[in-house]
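In order of appearance the chains are A, B, C and D, and numbering begins at 1 in each one.
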Amino acid sequence: MAAYQLPQWAALAPALLLALTGLVLFLIDSISPRSTDRTLLAGTAAVGALASLAVAVWFTAAGVGTPTVDGGEGVIEIFDGQFVVDQLALYFMIVVTIVTALIVVASYDYLAGHTYQAEYYSLVVLAATGMATVAAANSLVTIFIALELTSLPSYALVAILKDNRGSVEAGLKYFLIGALSSAIFVYGISLVYGATGVLQLDSIAEVIADGGADGFGGLLGLGILMLLGGIAFKTASVPFHFWAPEAYEGAPAPISAFLSSASKAAGFVIAFRVFNVAFPLGEIGNVIGFDWTVAFVVLAIVTMTVGNFAAATQENVKRMLAYSSIGHAGYALIGLAGLSADGGELVMGAALMHLLVYGFMNTGAFLFVALAEHWGVGRTFEDYNGLSSQAPVACGAMAVFLFSLAGIPPFGGFFSKYFLFTGALQAATANTAMLAVAAALVVNSALSLYYYSRLVKALWIEDPPATRDRLGQPTGLYAAIVVAAVMTIVILPGFGPVAEAATGAAEALVN
Amino acid sequence: MNDWIAIGALALVGLLIPLGMMAVSYLLRPTVPETSKRATYESGEIPTGGTRVRFNIQYYTVALLFLVFDIETVLLFPWAVVYLDAVESDSVSLLEILGPMLLFVAILLVGLAWAWRNGAVQWAQTPRQAAADSDRQ
Amino acid sequence: MTVAVEYYVLLSMAVFCIGLMGVLTRRNALLFLMSVELMLNAANINLIAFAFYHGNLTGQVFALFTMALAAAEVAVGLGIILVLYRNFRDVDVTVPTTMRW
Amino acid sequence: MVGTGAGPFSYAPAIALFPLAAFVISLVFGRQLPKKGAIPGIFATAASLLFSLWMFATVAGGETYHETLYEWSAGAVTTEVGAEEIAFSFGLLIDPLSALMLVIVSLVAFLVHVFSLGYMNDEGETGLPRYYASLGLFTFSMLAFVYADNLLMAFMFFELVGLCSYLLIGFWFRTKSAPSAAKKAFLVTRFGDYFFLIGVVAIASTFGTVAFAGEESFVVAAETAIEDGTTLFGFDAQTWVTITGLLVLGGVIGKSAQFPLHTWLPDAMEGPTTVSALIHAATMVAAGVYLVARMFGYYALSPTALSIIAFVGGFTALFAATMGVVKDDIKQVLAYSTISQYGYMMLGMGVGGYVAGVFHLMNHAFFKALLFLGSGAVIVLMHHEQDMWKMGGLKDKAPITYYTFLAGALALAGIVPFSGFWSKDEVLFDALIVGLEEPVILAAYAMGLLAVFFTGFYTFRMVFLTFHGEPRTETAEDPHGVGWSIKAPLVVLGLLAALVGFVNLAPIAKVAGMDITFLEYWLDGEYGYVEGLTYHHYHEMVAFEEGYIGSETTTMLLSAGLSLGLALAGAFAAHTLYNVPEPKRHTTKLGGAYTVLRNNYYQDEYQVWLAEGLTLPLARTADLFDRSVIDGAVDGVSGASLFGSSWVKRIQTGLVTNYAALIVAGFIALLLGLGLYGGWF
């Protein structure tokens, strides 16, 4: 394999390609400042994202991360294990790059007439770099740095509509809560470091297993909780979710899609890696007195409940999607809540699948909102009335996204949710609290159907207002939406490989 | 423990002396309330405007640039620490020692170039630039 | 005479709590930002103290990174505060409440 | 002896697929085709008939076929008998029984298609493509049902048959009565099918298989369970087999129009007479009895279930026959005779007379198809008049119709040597020998025997009123002519009705000691067989004792003589009363009984009362409960959710400092909670 002739750090190629794309965009903007050549800028960003996606897919296909005994290339460690490229990392790189590509293509139209074209794309690509790096980070240091690399451009992106009060307010709130959370996160890191003396994830696990942290149970426990807080911020989980509704509502819609899909996925990859690798279940219980799954059980239930309940009576579509995104974070948290000392790769695999499917359907839904903003039809449910008569394709795609988000059978969202449910039930044999989680999943899904179908009803059943201008058909936005819709459907027959990849990634981590 | 008592005593003394002096001054001074005495500047200068004046935005960008290069040195510091050892060691080539640092600086330079080209260090604006700028908003 | 690590932790905790208190009570965005910086520096104290305690350099190096990132955060934060001022004519974080519920 | 996919059997699926193709063609192109879709239907059923005969010949050559064609679902389960997986599939089972039935069904379907040319096309009906499409679908469903190799597949096509009957009975949907009759047929049979469905589920979950034949069948599994004394769902194995068997029997009673679910069948006469011929002679109604025959091994395990089948059969035979006596509409008489005859088949099955039951099923298929088609011919002759009192004297005007109809009537009444005699006699003989040991069966036998008299009476009352005497109306004096497409099927069926009884001359065989009980040999696997599905095997499994009066031969002759005598007595009574130039109604002689009989024993009334007086109030109460409590609860939940929602979203105050405070508070709550849980404090 060619991957072997390259130096070790080449395994990080997906992230490096993204970083390179970001620099190229800066160079372009340096050469011709204030360029508004949208095709060049969006094209460069899209090519970078797609190249990165291709490399990640190629690595997965070539067997990077698969154990050598199974004929794979094995896990590649870089910089003495500061980074690892395994199945999980590649899986999330794929999720991130797909979303990035969709966003970039959609932004082509959304940003028409906007001043900061180059800045926008380079920030998106840099944030994507951070997310891709997060996926491979294997030390609290690299995780923190990559996380900040994700967050800082995101703050700027949310507030990029400088004269839009909503955008600025969103940016401010996102930034302030983000700063607070990262302070808590880094303090948590310092406490974990204090208790163990190391920062690399596997070393932490070794120290804990050797009893090196036995005297520091409280310190370690507090540190873990603080790490959890930082992660909860990134994944928009309760109680660190407060920024999300405002940030998603105020930000440019493609950025909302980006944050709620890719950035959330990046948060989850940290959660999966940190908690599985650094604090293996069972051993950690001896030191801090309880297994961290308890925390995730609580967070999962509360998050999905708060998200869905708050979404139920929203009038603003984007805000409804924002809350529903919080609810979906709750679903994905089941993947961690359902783990146990001797397994749980099934439920975690289900969470991984959900994140991938979610990457399509949620991105698509937000991009539809972007389209609506592009048309200028308004923001509330009523403003969306009867859009289907004017834009049937986009509205059909939106119906697909919404039904998939609700978990209606023919679409991808049903499968991942179904696997989550069965996974939760299976985990209930070891941990009866999972029954409550499964019940909450069902109740919340039922509730979510209510508000998703409200939007479908508005789009397809209600009559359009008499005075509405002809709606344009922006190519980039349409292309991105249609691709997302097709993927949401096509992922159903293709679920075999996806499920395999997800479970493989989960297994690599859990065992 | 004794050491700590000394420190505590020092702190106590440190507090008592200024408080004591203020108390003595309060007891001894005459109190003659007058308008001119309560003015901000007893010299008779009349203050104009608020205390908070806006600075030119350029200060902000320059400050940010300063910050970037300030922090750069922080990040170069660990590299500098191991540099000599690495040069003496035979196992790492010079490229491997210098490469990362050069790359780091190169990336910074791209950023600097971008900032420069986008007018971050443009102290004064020609009317045309100003017009272009206002277009952007 | 070396100071036991517990005191450093106490100090950092105190700094952290002061920062947190500032976050909770300050309405000025800049002061909010400063309070957050205080919290980050509390973490730095910890890192350096523990690096000393454990006898390795990891914590110290990480503290350098934290500082760099804190600076970057401030840079972005100041930018946001600037546009905040431009839009709301104020740097009071409680003023922008157009989006809620 | 089970063949593999090779040879003629690989063409077996085509038997059912031909009519399906005809269905599609008629549906899509019917309007453009000459004869509005009759041609594809005739060709398809002819092809089915040829293929069925081929299968029949192949089975006769000693081969059978049992093959799963398509497995559409399989999975792990936990069942009562310990089977760990279950598969649901479509498969074919072609053994002597199903091969025989395939021939019967496709033959009758073919003849009905041909007859329809004269009955429907020539009479200028509209909506013919719909008619032929439904016929095609119906034939397809029935054929597929016949060679289904498992209970679930059987159930599915059983339901499809029910659906098609709904379409066909309601063919004249613009009249008031036809749609209501169709609805009634659909609902009543559906009522039985509920039990059938529960039975299928019960059997599947008990034994983990729904196959009819082979080592993996539920019959074998049940046998093993009874031998091992396994407890199934808290019941003794045999009790459980009885329960599940009776559940499936619910579907049989509905479809085969047994008491008390027979009420739909007389109403179903609202459909075109060709449809009545198809439904009542060979297909839908036969499906019930056929199902009992198909899974006879299962019922054989439970004497209780068998006794119930026998008793219901005997009772229905008598009960329906009495009602047939007072009907004026020619089709109504046939309808009640159908119910009565299926009662005989059930009686035969119930006493373990598997061969007798199947024999009567076959004979009945032919002579009842004949009678219905004959009555159809009469109706054409009479310009769509069905009241027998307005007929009379048709004998000379339509000789072919008369003689073929007479052959059918003789067979129905059970007059030697027509087919009905042989099979009815065999049923009664089987019932008698078991009845001598079992009082319940004896009662069933007595009812069956008594019904013979009524059968003879109403059959010949019908014949005399229709064909003999003087024409009583103008149309009867000048009947409409009928074409070849009506006559030809009548002749074919007339010959069959007269002769088909000779395939199993059990009494003669006994008396003369000749080996001429071919049908018994056929079903006993002399030619080809599937393990466990032979008469011999069934006979061993049935736990009934048999007794004789004197010797076996004496008993047989006694039984035959008794039934023949009663049939002749009935016929003679009809002769004296009605075979006169000016017949009277003679209804006053029956007194109050007449009213009861005319009203069909108030069966419809009590069922309507059950539906309206009992079920409706119950439904209203349930509806009230649903609207107040359930809906209230649901509305309450949704209301509470939305209220909760408006409360939850209020947390989002929009003030970023509040968020920070809430985050810290939430974090501290988590910390305290987990700290307490983990024992930090």
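Here is the rule we use: a residue touches a chain if its C-beta (ideal position, glycine included) is under 8 Å from a C-beta of that chain, and two chains touch if they have at least 3 such contacts.
Chains and their UniProt names: A = Proton-translocating NADH-quinone oxidoreductase, chain N; B = NADH-ubiquinone/plastoquinone oxidoreductase chain 3; C = NADH-quinone oxidoreductase subunit NuoK; D = Proton-translocating NADH-quinone oxidoreductase subunit L.
Since the model is a prediction, treat every value here as computed from it, not as a measurement.
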item: Chains most often in contact, by C-beta pairs; value: A-C
item: Centre-most chain [mean C-alpha coordinates]; value: A
item: Centre-to-centre distance between chain D and chain C (centres being mean Cα positions), rounded to whole Å; value: 83
item: Rounded Å distance between chain A and chain C, as computed from the means of their C-alpha atoms; value: 26
item: Whole-Å separation of chain centres (CA-atom averages), chain B against chain D; value: 96
item: Euclidean distance of C-alpha centroids - chain B vs chain C, Å; value: 16
item: Interface hub residues of chain C, defined as touching at least two other chains; value: 23, 61, 65, 72, 93, 96-100
item: Contacts with two or more other chains, residues of chain A listed in rising order; value: 162-163, 172-173, 176, 180, 184, 245-246
item: Multi-partner residues of chain B (at least 2 other chains); value: none
item: All chain pairs that touch each other; value: A-B, A-C, A-D, B-C, C-D
item: Sites on chain B touched by chain C in the complex; value: 3, 57, 60, 64, 67-68, 70-71, 74-75, 77-78
item: Chain C - residues contacting chain D, complex; value: 20, 23-25, 27, 93-94, 96-101
item: Footprint of chain C on chain A - complex, ascending; value: 140-141, 144-145, 148, 152, 155-156, 159, 162-163, 165-166, 168-173, 175-176, 179-180, 182-184, 186-187, 189-191, 193-194, 197-199, 219, 245-246, 249-250, 319
item: Touching residues (chain side chain B, partner chain A) in the complex; value: 107, 110-111, 113-114, 116-119, 132, 136-137
item: Footprint of chain A on chain D - complex, ascending; value: 638, 641-642, 644-646, 648-649, 651-652, 654, 656, 659-660, 662-663, 665-667, 669-671, 673-675, 677-680
